[in-house]
Structure formats: C-alpha cells, structure tokens
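Structure, as structure tokens:
The chains carry the letters A, B, C and D, assigned in the order they are written, with residues numbered from 1 in each.
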Amino acid sequence: MPNFVPTHRITHEATMLMLQRGIAKATELKALVSIAVVDASGQTLAFVRMDGARLFSEAATIKKAKTASSQGLATGYAKPEDVVSMQIRFDGHFTNVPGGFPIVVDGQVVGGIGAGGAKIEQDVEIAKAALAALD
Amino acid sequence: MPNFVPTHRITHEATMLMLQRGIAKATELKALVSIAVVDASGQTLAFVRMDGARLFSEAATIKKAKTASSQGLATGYAKPEDVVSMQIRFDGHFTNVPGGFPIVVDGQVVGGIGAGGAKIEQDVEIAKAALAALD
Amino acid sequence: MPNFVPTHRITHEATMLMLQRGIAKATELKALVSIAVVDASGQTLAFVRMDGARLFSEAATIKKAKTASSQGLATGYAKPEDVVSMQIRFDGHFTNVPGGFPIVVDGQVVGGIGAGGAKIEQDVEIAKAALAALD
Amino acid sequence: MPNFVPTHRITHEATMLMLQRGIAKATELKALVSIAVVDASGQTLAFVRMDGARLFSEAATIKKAKTASSQGLATGYAKPEDVVSMQIRFDGHFTNVPGGFPIVVDGQVVGGIGAGGAKIEQDVEIAKAALAALD
C-alpha cells in the first residue's frame, strides 16, 4: 500500500481570482458581502470583507466555506431541526445557511468557498460566481 | 475607484453623554442596567454597570450594542426559531433581545448603543434615551 | 462568629465621576487614554476609551484596575524579573505597569481604578485624578 | 464639543490592491507570505496566505497588522526585554516582529497592513510594497 496519494492545493492566483469574481458579482447585485476561501483542512487561504458589509459576516462566511470543505456539500443540506445540534457537535464551525460550496478537483475536495452578509440568494449567486473563476 | 471613503468616529464626549442620559432615564424608571457603546467594528468605547445591576447584564448589553452595530438594525428583529442558530453562527456575539440600536451618521453605521438588565421595555426606553443624547 | 461583615460598594455616580475627572486630566495633559473602574471582584463597573486612544489600551487598562483591586497595591510594585511569571500565574490579568490604584474605604479594598495608553507618568497622573474624585 | 469627528474607511478596492501588490513583491523576491489588512479597530478586512506559506504565518501576520493599527507605529519598536510582557498585557495580539505598518489618512490611523512568513527583511519589503498601493 502506498504511503501517500496525490492531491491538489489551490494556488493564491486562484484564491485571489475567486475573491475578485465574487466582488464583481456582488457589485453587480449591489450587495455587500464577505467572501472566504479555505483549504481542505478548513484553514483560511483568502478573505475579504467588502466595505460596508456587516461585521458579523466574517464569522458566518468562514463557517460556510469551512462547512462546505469539510462535508463536501453545498451548505444548507441539513434538516432545520438538526441544525443547532450540529453546530454544537462541530464546535461551532458548522452552518446550514446556503452560500458555501466545496472546491473539487478530480473528484477530491480541496477546499471551500463561501459568501455571506447579503440576502441568501445573493450570497449563493456570489459564491457561485467566485467558484466559476476556477473553470 | 477611491482607496478611502469618508465616515465618522464617535467622540468620548458623546459616549459619556450617552451613558449619562441612559443612567438618568434608568433612574427615572427606577431600573438598574448596564449601558454600552461600541464602534463600527464592535469595540467597546464606553460602558457602565449601575450599582445593583445584574452581573450578567454586562455581557448581554455589550452583545446588544455589537449586534446593532454589525447589522445596522435595532436588536430583536430575528424570528424566534432562528435565534440560537444565529447566536452560534455569529460566535456568540449576536443577541435578539431588544435594547440595542445602531448609531448612524450621514447614512452610515458608526457604532451601536445597548442597555440591558431591566425589563425589556425599560431597556429599550433607556437605550433610546441614551441614543437621543446625540440629537 | 458572624456570617457577614459590612463592606462598601462603589456607586455608578462615583464611577462616572471618576471617568469624567480622568478625562479632564487627560485632556489637560493632551493625552489619550482608556480609563477603567472595577469592583473588589475585578468586574468592570465603568470604562471609557477616549477618541483616538490606542485599541490595545482597553485590555492593558482593565488589567491595571484589576491588579490594583486584587493586590490592594498600586501597580508597578513587582520586580522586573518576576513580571512574566506573575502574568501567567494570574491568568494574564496581572500587570506591572504603573497607572492602577486600589480604591479603599475604611481600610477595605472595594475596587480599582486604572488609566493606560499614554506615557506612564501621564497614565499615573490621570488615574490619580480619577481616584481623587472620591475625596 | 462635537459628537462625531470625520475619519476614513479603507475600501475593498484598496485592500484587494494591497494584497495584489504584496503578492507581486513576494513573487519577485521568491518569498511565500501571508498578508493581512485590518481596520482601525483591528478587524480583518482582507487576507491571503500564498500557496506554500507557513500555516503559522496567518496568526503572526494578523498580529502585525493589528499591532500597527492599534499603536500607530511600525511593528518592531519595543525593547526586546519588554516583548513577552507586552504580548500578555495586550491579550496576545501584540507582536514586535517587523513587517506591520499603520495605514494613515489625513494624520489619522485608519488601519494596518502586515506581511509575515518569510525573512524579516522580506516581510518588511512586501508590507511596504502593499502599503505603497495606496499612493
């Protein structure tokens, strides 16, 4: 059995581009958000809070990126009655608010992207625009 | 695009006056409260716990000021079923108890004021009296 | 043996007056400081950060008031070689920087006052002016 | 006496440009760093960790930006024998490692920029290049 398997890391060229595309989409939508990119271990790789975005959007957005990266799923999949229990179980890092997406390369999750601070459908659209920077 | 946008900071003359007006209103109502003023980034600028006010009112009141400053809204706007989830999502800083108000100058949130420790309608009245010191 | 002994609490009239006198002295000295008053249990009763005072002065000033209240001594009494060990031993609450004074009534420590963020001799003078509000 | 004084906020156009210029300088120097921009109250506005930069550089770099913003000084000004005591006194947020600079507009500190994770002289050069994006 091998000791190691090949995987991928996200470059800072890519994380910066994701922030830029997210900001561009938010500006188009006249929304003010935080945007975060984390790696497969949930560590923050890139973050921006747009001028005027809510202070609390930093924490909420990092949780979106971290949840998507950990679970390999877009945020928002849990049943409402399970959410608080899951938040506590995962040491406060879990969120069920849409706007977080896993970053997948060759079938492996290599990170997560999240946007937060505007209306949920705007957060989702902004996070998707940021993710699409990788195409 | 500009690198900076003009905004305002609250002076300590103003924060002290807010505490005084809040105390005066509380005294009139025979209520004992904590009163807190925070800046746009949630940092405490001025705080007082009235003699006899509950110990826990310090934490609860700072959360009111911080929530109002972050969200740009008077506290108490969330749906009851969302509150615990929001508290965890915002790392414990969020509160849904009325008695917190944003401080707005020229359409921009520059801070928040909160009062807590008495009956909710008293907290609200005291916080409003403190906020009115800025008029 | 009695179950209780009489003591005193500091009123909010007194804590607010201490903040005001401290601010007045700081203004006279053209200094920008944080000022904190804590009770005998180290809990914050009143606090103000003057507009333009250093962000870190909040933490440092509360430690001055708390140390003076706990130890019943003006801050700055420890030998330099002992300071870091004492800081860790007292869970980070201890400081050896002058500018903190115990508040004493009838021979009992009932709290502490601290000022911080300017030159040490200014911090001391401001804290003394605040304390003198109680005379 | 006024209730408010005019100041400035850093736009996200500016914080993103600072990250980009910092990355460009780091690439030129063949260095791998984290870069952080915080506001006047120490809140993170923008952050990037370059691919391959040390994990611990995130924490160290945010402390550089925060210290510069709080103290209004480039990091590295303290006497070596005072550093550990200051780190504890400022609740772990202080650093004395060069590579952090205050962001000043019209004579007022509106934030801080930090770079960390490479050789100190490289960190300094990268942070200066990022700061120069504002000229």
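Quick note on the criterion: a contact is a pair of C-beta atoms (placed from the backbone, for glycine too) under 8 Å apart; a residue touches a chain by one contact, two chains touch by 3 or more.
Keep in mind that what you see is a predicted model, and the values were worked out from it rather than measured.
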{"item": "Joint neighbours of chain B and chain A, given as chain labels", "value": "D"}
{"item": "Interface composition of copies chain B and chain D: same or different, split at half", "value": "same"}
{"item": "Which of C-D and A-D has more C-beta contact pairs", "value": "A-D"}
{"item": "Chain centre separation (chain A, chain C; CA means) in Å", "value": "44"}
{"item": "Whole-Å gap between the CA centroids of chain B and chain D", "value": "30"}
{"item": "Centroid distance [mean C-alpha coordinates] between chain D and chain A, Å", "value": "24"}
{"item": "CA centroid of chain C to CA centroid of chain D, Å", "value": "30"}
{"item": "Residues of chain D engaged with two or more neighbouring chains", "value": "5, 9-11, 40-43"}
{"item": "Contact graph of the chains (line, ring, star, complete, other)", "value": "other"}
{"item": "Which pairs of chains touch, using the document's own definition", "value": "A-B, A-D, B-C, B-D, C-D"}
{"item": "Residues of chain D defined as touching chain A within the complex", "value": "9-12, 15-16, 19-20, 23, 43-51, 55, 58"}
{"item": "In the complex with chain B, residue positions of chain A that touch it", "value": "51-52, 54-56, 59-60, 63, 83-84, 87-88, 92, 95-97"}
{"item": "List of chain D residues in touch with chain C within their complex", "value": "5, 40-42, 66-67, 69-72, 84-85, 88-91, 93-94, 108"}
{"item": "Chain D contact footprint on chain B (complex, rising order)", "value": "1-11, 13-14, 17, 39-43, 105, 110, 134"}
